[in-house]
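Heads up, the thing below is written out as structure tokens.
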Amino acid sequence: IRQGFAEVVFCQGKTVEQVQAIVQRLAEYNHSILATRASKEMYTAVKAVVADAEYHELARLITVERQKPPVDSERFILVMSAGTSDIPVAEEAAVTAEIMGNEVRRVYDVGVAGIHRLLDQRQLIEQANVLIVVAGMEGALASVVGGMAAKPVIAVPTSIGYGASFGGLAALLSMLNSCAAGIAVVNIDNGFGAGRLASIINQMR
Amino acid sequence: IRQGFAEVVFCQGKTVEQVQAIVQRLAEYNHSILATRASKEMYTAVKAVVADAEYHELARLITVERQKPPVDSERFILVMSAGTSDIPVAEEAAVTAEIMGNEVRRVYDVGVAGIHRLLDQRQLIEQANVLIVVAGMEGALASVVGGMAAKPVIAVPTSIGYGASFGGLAALLSMLNSCAAGIAVVNIDNGFGAGRLASIINQMR
Amino acid sequence: IRQGFAEVVFCQGKTVEQVQAIVQRLAEYNHSILATRASKEMYTAVKAVVADAEYHELARLITVERQKPPVDSERFILVMSAGTSDIPVAEEAAVTAEIMGNEVRRVYDVGVAGIHRLLDQRQLIEQANVLIVVAGMEGALASVVGGMAAKPVIAVPTSIGYGASFGGLAALLSMLNSCAAGIAVVNIDNGFGAGRLASIINQMR
Amino acid sequence: IRQGFAEVVFCQGKTVEQVQAIVQRLAEYNHSILATRASKEMYTAVKAVVADAEYHELARLITVERQKPPVDSERFILVMSAGTSDIPVAEEAAVTAEIMGNEVRRVYDVGVAGIHRLLDQRQLIEQANVLIVVAGMEGALASVVGGMAAKPVIAVPTSIGYGASFGGLAALLSMLNSCAAGIAVVNIDNGFGAGRLASIINQMR
Amino acid sequence: IRQGFAEVVFCQGKTVEQVQAIVQRLAEYNHSILATRASKEMYTAVKAVVADAEYHELARLITVERQKPPVDSERFILVMSAGTSDIPVAEEAAVTAEIMGNEVRRVYDVGVAGIHRLLDQRQLIEQANVLIVVAGMEGALASVVGGMAAKPVIAVPTSIGYGASFGGLAALLSMLNSCAAGIAVVNIDNGFGAGRLASIINQMR
Amino acid sequence: IRQGFAEVVFCQGKTVEQVQAIVQRLAEYNHSILATRASKEMYTAVKAVVADAEYHELARLITVERQKPPVDSERFILVMSAGTSDIPVAEEAAVTAEIMGNEVRRVYDVGVAGIHRLLDQRQLIEQANVLIVVAGMEGALASVVGGMAAKPVIAVPTSIGYGASFGGLAALLSMLNSCAAGIAVVNIDNGFGAGRLASIINQMR
Amino acid sequence: IRQGFAEVVFCQGKTVEQVQAIVQRLAEYNHSILATRASKEMYTAVKAVVADAEYHELARLITVERQKPPVDSERFILVMSAGTSDIPVAEEAAVTAEIMGNEVRRVYDVGVAGIHRLLDQRQLIEQANVLIVVAGMEGALASVVGGMAAKPVIAVPTSIGYGASFGGLAALLSMLNSCAAGIAVVNIDNGFGAGRLASIINQMR
Amino acid sequence: IRQGFAEVVFCQGKTVEQVQAIVQRLAEYNHSILATRASKEMYTAVKAVVADAEYHELARLITVERQKPPVDSERFILVMSAGTSDIPVAEEAAVTAEIMGNEVRRVYDVGVAGIHRLLDQRQLIEQANVLIVVAGMEGALASVVGGMAAKPVIAVPTSIGYGASFGGLAALLSMLNSCAAGIAVVNIDNGFGAGRLASIINQMR
């Protein structure tokens, strides 16, 4: 609730009542609100007191949009995911960037084991102004995209995987050691942080 | 040797002869060159064959500057370090950004245990267009700066420390878990990567 | 149940019946009692047999106060938390210190990403006789407070966070590597241990 | 010295005298010999007593070739490396496979950050009978090649990298979590093991 | 769904509806289908729309077999498990190999602590064309079998165990460090990957 | 150089020239100085320019004592070590506390495997005002002393040990999990930090 | 089901039906049986088909005692636990040793923070023929007992603890690094293994 | 220097002078002495002052044998090693057991990848009274021997290996998770501890 024009609430570890109360109070000040890691139950409670709240189920986000920011539709943020299981984290990033006033495009399920599906997106990758790459398992997508794009790439490791993925550690280490320059990494499953940073970068001029 | 206008050579793990040969060949094509993790001995060998090579001892970088890129001196990258031992990594980042055509300012030795020395730099932190925060030990500087700056912050954990710093792991985990939004992290001691990414972001418009 | 004037029971891993029986027996000897990590259900069972038992829900503590110790209200222990999710651990520390006969003041939700909210507490930080700093995620609060206070700082890492926080490991390592001198660390989520040690220090003369 | 037609000696941790003695004894039985992790000094000592010994400097291998096995030049093993620093491990694999009677082709320095250099090798990748992929840092090459090849891929993580590569751990975990099927992994820097297994597979019919 | 003639669906982390829809769609194209990590509930939903779907309860696999591939019954894949608790992973490997058109034989519960039960299988081990060794706890079976077999051995560590097995890490490290040559390792519990790779190798000529 | 009346210099990672220059400058202001992790060579260089510098070889400390602080010889800090190899870290703690104006007593080589040698020190343990326990290997001394003393115990894990001590990790975890209350832990080998904190506590009233 | 005169069944990960069937079959051969990690529900199912089965609730063991082995009551195994939460593992060890024909004595809740309660048991510790020390948290009890006893000590780390105990890792490392000679360690929570080994040693002559 | 009839000195981390002085003093009391991890240089210094000192180069032990204990040659300790590189640790165990008055037999280089060389030793394994199994890499030898022997097995993991052996961690975890009962484990490379414990067990009656 500190930076930027949208107030952000991290719901994980809070009770339904706490989330409801916090969002209600913020809504009174006519702020745009982004509540992350929110359950459907939390949304129902919020909706009862803030009529214009919306729920993004996949992304687990509650949004309240007041004072819509102007969007420069030329400069878009490209959000990519390696697998379908990574989509919730990708959506957390995408919706975060959208509510902060950015044009967002999505390219999901383009893991590197099917390199042609990824190469088919070459043009989009080259046109994007900022890129967010979301991947679990071995997280290799970040390196390939990092090599294709000249613009900043924000890599988000996810906890998707099993066994030696150790809760996202494999993807995290992989992304930190990427042989492509121009990449930076956020915490495992931190779609929000990636969306927030992408928005800051995208709005620089 | 893939991205951007300066050719980059990673010298660690290469012999003096290999580095000399690679830089000599690149210099023939009139490229600007950045050789990272270069020892003084490597520099001497390179200098013998490429007369305009320069050495940045602290940063352990060899640079060959051809076709100087124009610099927008209004938009500067601020490179900060927590301790004096972190300066080599900070310099790697700073010189990398400079050779890629950016105005760079430096604020070193402003660890959070002396919060006033850091707060004295508030204006610079708010004016910077991109920030690079270099810190070992507990890496807390990234979070404090992340909270003060509205612009992108690239955090570089260093291997400075002992005992439970486990070669930079403590600073790395600390930065990944930063409570400040708008921060992204690169590999431990990866000043080059931070400088490269900061340059990309700084030159967007 | 070994040291100090209050008998301490660690309820985690015990059954409701076991906790009830232990507290009942101790109460017969007219001891003050502190039962940590106690569920509400345990409290109900204890209350049925020890009428003056009280429950501190947030702190998950049952207390029975007999022979109230005299409190020196000049020398206070300051308990600080970085986030709201850290409050249960902070309260465990605070109530522990209180039942052991100390004046306790609380300053919660002053994470370093909002450094001004923390600096607003400067006076309290300088006046405190002992400080307990409770923080999860990157645990940076300990270093900043450690730099501001001349008195002993006890740092308590919490398991709050996700991904690369690895159950509190990030905050723990961060605090152990603090660049501020005069800090010592207890186990992850060990509010009780911090409160106990702070009380011992606070009552020295 | 147990499996296959070539006697294998692991020199690491042995003295120059021990290696010399072992190789001399094996040579008397007219065996082909492969000595891995051998220093140049060891080679000189061996050469003094076994005249037809040869040294592969990059691979750190001593070989003695007797009874040259017939080679099926149609079925080749393709050894690929991501970076130039990975070449010693790649060569250990390649020479091992060669002395065991296989046709070997090499494609080095095709890291995924330059995906086109890799795609240029598509035909070779599709024609290879067995593939060995050697990579340090984030080890992403294994996944991309795994997706392109229909034949078995043996992935060898290397200890090349720094910081959060943790001695090859990042590449190892990355390869174990590869999203491409048909990949198996050997120990960090174990070029010999990869070459040996590739040879066994390549000679099946 | 990328490689080989059978379409593969990884059900873990997908909803019953998603699995049902994906399998139904694939079945329309008359593909053979393998759905791994599938619950019985998923099977019931699939069966309702794809009549010839079958469930392998132990292996947690749904299969739809169209265009049965010809099987060379001379060349068999031997799937071995150390304990009875490892059987689900072993079965995942075995059924995967079968649906891809291979003769498969099974030898279960031959852990190395009872070396004679293992040695009784010597003939089968020597006759097998490819071997899959599935083991949790200390994973020693892979090394012993690796020493007995001249053919490729694919080792699958499992998460079976407790305490210092750390979710399969002990078996994984053990297998990666095997003193027997000719072994390669897949991810913890990755029976599918082992079966897939064994099939590729078994069908080479 | 931030807290307390003695200026502190951390020499590790600095050159001999840097240490000499820093100490010389501080000495001009007539400050007491404590330089930690100082080699004998550094001392020689310092001595050449600051005549009253002293060297504590075992502790690897250079001290310059100006304005000797008054010492309350009744209240002493007890520094204990488990083994003889832990003495350098113990001495770092002890001399640090001494230069900060405290009475210090030492009890070395009282590891718990010889419990009687430890129990012989019972009286000293009970009389001490603050205790510093220095131990490597399994670090058990902290728990036993923690149970015997009613005063604050600062535990310092050391990197002494081999194998599964993992550079002091075993002792660190052991001390963090101590079953004795009233203990806090500093970084592995951080004798300075322990001495500093003990001094702060010892001088409270 | 391999070693010793009692058949052993490891129930964890088996279904109630599987356990019932295995025990029933073994009982037909008139074997003594020990089923570890057995739930009450498993016991009820077993009891229905094997009338003389008994349940040790704390130890989670089902036993069927046929052919009672003679017990040498002079030579006893001493089972000690540090905390009350460690008792289930201690009982697993104790009952295992008893059914294998050993005299067993128990001393529970003698953690080292209350060293006098432990020293009160000195005589028993010196008289014991074999000692089993069960402890979680920091596991220091093993070192102190190891120093007091001249006979073999088997240390069993438990997963009791929280935070930086990391599921028993702290106690495990502590015991492996014990400064007392004559100690060996089994897996975390492996009371069965300790009881089994103690029995083997106790019956040697 | 606490338990048993031979005084033990751990030389690692001590200076040549310290070792010389300690051994000289002990020799005056006519004690048998065992100095572990001793360099040849230390031996030379000791020999100069204690004429009957002997050096066991492979084992890195200095011994001084006074009052030779009687040896029961029927009951022997069998020391086994998996590889030749493990022999130094095995010898440390063997010589330790010998100086403490035990008959010791050695069987080296019987790693499980050559199971027949191991099975050839079956008789010796069954006759041994106590067994010490020394192995690095994957440490599988302990499990196989544990299954063959009815007597106590002490497993010693070694740091021999590379890559994912992580300094002996792989062998350590492997041995702790052994599927054979009757095994206990000591620290990585701790030959002394194993020899000491084996001696204690071997001399029980």
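Going by the order they are written in, the chains are A, B, C, D, E, F, G and H; count residues from 1 in each one.
The rule we apply is simple: a contact is a pair of C-beta atoms (placed from the backbone, for glycine too) under 8 Å apart; a residue touches a chain by one contact, two chains touch by 3 or more.
None of these values were measured; they are calculated from a predicted model.
Novice: Along the shortest chain of touching chains, how many steps lie between chain E and chain H?
Specialist: The distance in steps between these two chains is 1.
Novice: Listed by label, which chains are in contact with chain A and with chain E?
Specialist: Both chain A and chain E are touched by D, going by the contact rule given at the top.
Novice: Same interface as E-H shows up in which of A-E, F-G or B-D, over half of contact pairs matched?
Specialist: From the options A-E, F-G or B-D, the copy of E-H is F-G.
Novice: Fit chain F onto chain G over the CA trace and report the rotation angle, somewhere between 0 and 180 degrees, nearest 5.
Specialist: Rounded to 5 degrees, the superposing rotation is 180 degrees.
Novice: Once you find the CA centre of chain C and the CA centre of chain E, what distance in Å lies between them?
Specialist: Chain C and chain E have C-alpha centres separated by 50 Å.
Novice: Quick one: chain G and chain H, Cα centre-to-centre, how many Å?
Specialist: 27
Novice: Averaged over CA atoms, how far is the centre of chain D from the centre of chain G? Could you give it in whole Å?
Specialist: Distance between chain centres, rounded to whole Å: 47 Å.
Novice: Provide the list of chain A residues touching at least two other chains, using ranges where the numbers run on.
Specialist: Correct list: 2-3, 113-114, 147, 163-166, 169, 172, 176-177, 180-181, 187-188.
Novice: Which two-chain combinations qualify as touching?
Specialist: Chains touch in the following pairs: A-B, A-C, A-D, A-E, B-C, B-D, B-F, C-F, C-G, D-E, D-H, E-G, E-H, F-G, F-H, G-H.
Novice: Which residues of chain E touch chain G once you look at their complex with the stated criterion?
Specialist: 84-85, 113-114, 160, 162-165
Novice: Spell out the part of chain G that touches chain H in their complex, as residue ranges.
Specialist: Spelled out, the residues of chain G in touch with chain H are 2-4, 8, 129, 147, 150-152, 154, 172, 176-177, 180-188, 192-194, 196-197, 200-201, 204-205.
Novice: Considering only the defined contacts, which chain F positions touch chain B in the complex?
Specialist: Going through chain F, the ones touching chain B are 2, 12-14, 157, 159, 167-169, 172, 187-190.
Novice: Spell out the part of chain A that touches chain D in their complex, as residue ranges.
Specialist: Contacts found on chain A: 82-83, 111-115, 119, 137-140, 143-144, 146-148, 161, 163-166, 169-171, 173-181.
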